[in-house]
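Each of the two complexes below includes subunit A, the first together with subunit B, the second together with subunit C.
Right after this comes the complex of A and B.
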């Protein structure tokens, strides 16, 4: 991925570089020409914003787990959009399953085997992309399917829907930040060493 | 003479997991085909195709991994079959292994 330099060399005062100086006035001293400096600082800020945001998804509330990092490691030049594609598929798959679950639990005689099969699928796909809180909500849901407890299952369904909406929102925000970085000529940081 | 590309059949009903497994196996150079359930896997073999590796999910609609594995072995299919499941209970794993697996891996 193309690296974007961030700062001028130490010999040039930053204020001068950022001012409306003619474009060639410091090009002989700057590592980066003045007109690019503001652009590259924006990219740097965006990259830091992306790192902070991604970090919070893992560490603060556990929306994502290490499996998401595994997905990122599978992405390469041959499949540069792999993560977005898998996550988009997860969104489609989940929305279908949540619809099916709502329908199944709305029936007079609830078919708990069918409900459990849907939850099992959602648990599997959420696990595979690292959507930890959705996965955990599905685990609890399956326990109540086994007990054939309709009310508890309905409560679990609400919980799963909530967790899904939150993680969808978080991931879409993350992807938007990535698009902004790339559009500004930067690259997505690959160092996520904060995950143990 | 160029070495032959190894082939794998991914038998998995979930689209998301199928995509992840495809990417993993592609990235190590395998040529991939997919089946959405055990019955499709049987039909693919019935048409004369064979694979170096079969990655077999356990819980699938229409025909599950246990039935599919037993059927493939009874058809004389000697390919390496690796079972994949989230199940971690020893009895469940043993049941799957006894169907004719060569190996078993747990998925997230």
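Right after this comes the complex of A and C.
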């Protein structure tokens, strides 16, 4: 059986993209769906890939923790988009906070109380949705706020931004995979027993 | 940690508990609201202490804006909020004869024993660590119904 890479991302070399020719290639931000992807994958395969992908987010580098599972368990027929809604709020809120942090640390006299307040907010929301690495980066950040160390804070901000971008990318990929499954008439697996 | 309750605040059988959830963080508000709804509660949210007091009818000159039929059976509030903290809100609720029997639950992401004790001493029903889980909320609402 031909091995089907499930998506192309910025980190995947173009030649591994399913598209065979430039004219049917995906854009550089291609994740899914590729036309060929739709044709060659059935719902079962998509579901297995979703499971593998989701599993990797938890187990490989701890991008997500058990709190994310709590969110998924809250989703039901009455609120079928609950996870996407909450995560979208998280994206909006985080982007605003990161902008505010950048501004606050750019001032001549840095107001560390304000910086700390913003980081506290970001730590809270990332913790509530299970974005573990973002949360941990925020914890480190707060320590340097307490020390009133501008340089260290700037480094922490970079770290937080990086972790945020990565988890945002991962979650958007996951949602796109879910959309694919649903569009193909399947349902999102609810069995995530691999989480300890 | 049992809360004393006067007849005003005791749930009648068949009634749905009405919970006022206070948190300055939008994501946390959305999460606590869903968790409470999943435990069959009616939920009103507020983003800060002053707004919560307004909704409880405790601001000067204000009447109970949630109308007589919609009494609040429990308040759940975040501890760390700008302006009025959850602790200060707790104190205000307990100071008023109108609301002092309402169970107040404090949530916090920080596990600080002195903070926890301070809240319990001031009359908080319970102190819960964030992030909130379904099991935490189920425990709360079970207590409320008994």
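Keep in mind that, in the parts below, the second predicted complex is superposed on the first by the 155 of 196 C-alpha atoms of A that agree within 3 Å, B and C clash if a C-alpha of one lies under 4 Å from a C-alpha of the other, contacts with A are read in each partner's own complex, and residues count from 1 in each chain.
The rule is short, and it goes like this: contacts are C-beta pairs under 8 Å (C-beta built on N, C-alpha and C of every residue); 3 or more make two chains touch, one makes a residue touch a chain.
The structure displayed is predicted, hence computed values, not measured ones.
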Three-chain arrangement built on subunit A, subunit B and subunit C clash or fit: clash
Which superposed partner A:74 touches (first subunit B, second subunit C, both, neither): both
Subunit B versus subunit C as contact partner of A:82, first or second or both or neither: both
First (subunit B), second (subunit C), both or neither touched by A:118: neither
Which superposed partner A:133 touches (first subunit B, second subunit C, both, neither): neither
Touched partner set for A:170, first subunit B, second subunit C, both or neither: neither
Subunit C-contacting residues of subunit A that also contact subunit B: 67, 71, 74, 79, 82, 85-86, 89-90, 93, 117, 120-121, 123-125, 127-130
Complex contact set, residues of subunit B against subunit A: 13-17, 19-20, 23-24, 27, 59, 61, 86, 107-108
Residue ranges of subunit A in contact with subunit C within the complex: 67, 70-71, 73-74, 79, 82, 85-86, 89-90, 93, 117, 120-121, 123-125, 127-130
Complex contact set, residues of subunit A against subunit B: 67, 71, 74, 76, 79, 82, 85-86, 89-90, 93, 117, 120-121, 123-125, 127-130
Subunit A contact footprint on subunit C (complex, rising order): 24-28, 30-31, 34-35, 38, 80, 82, 109, 130-134
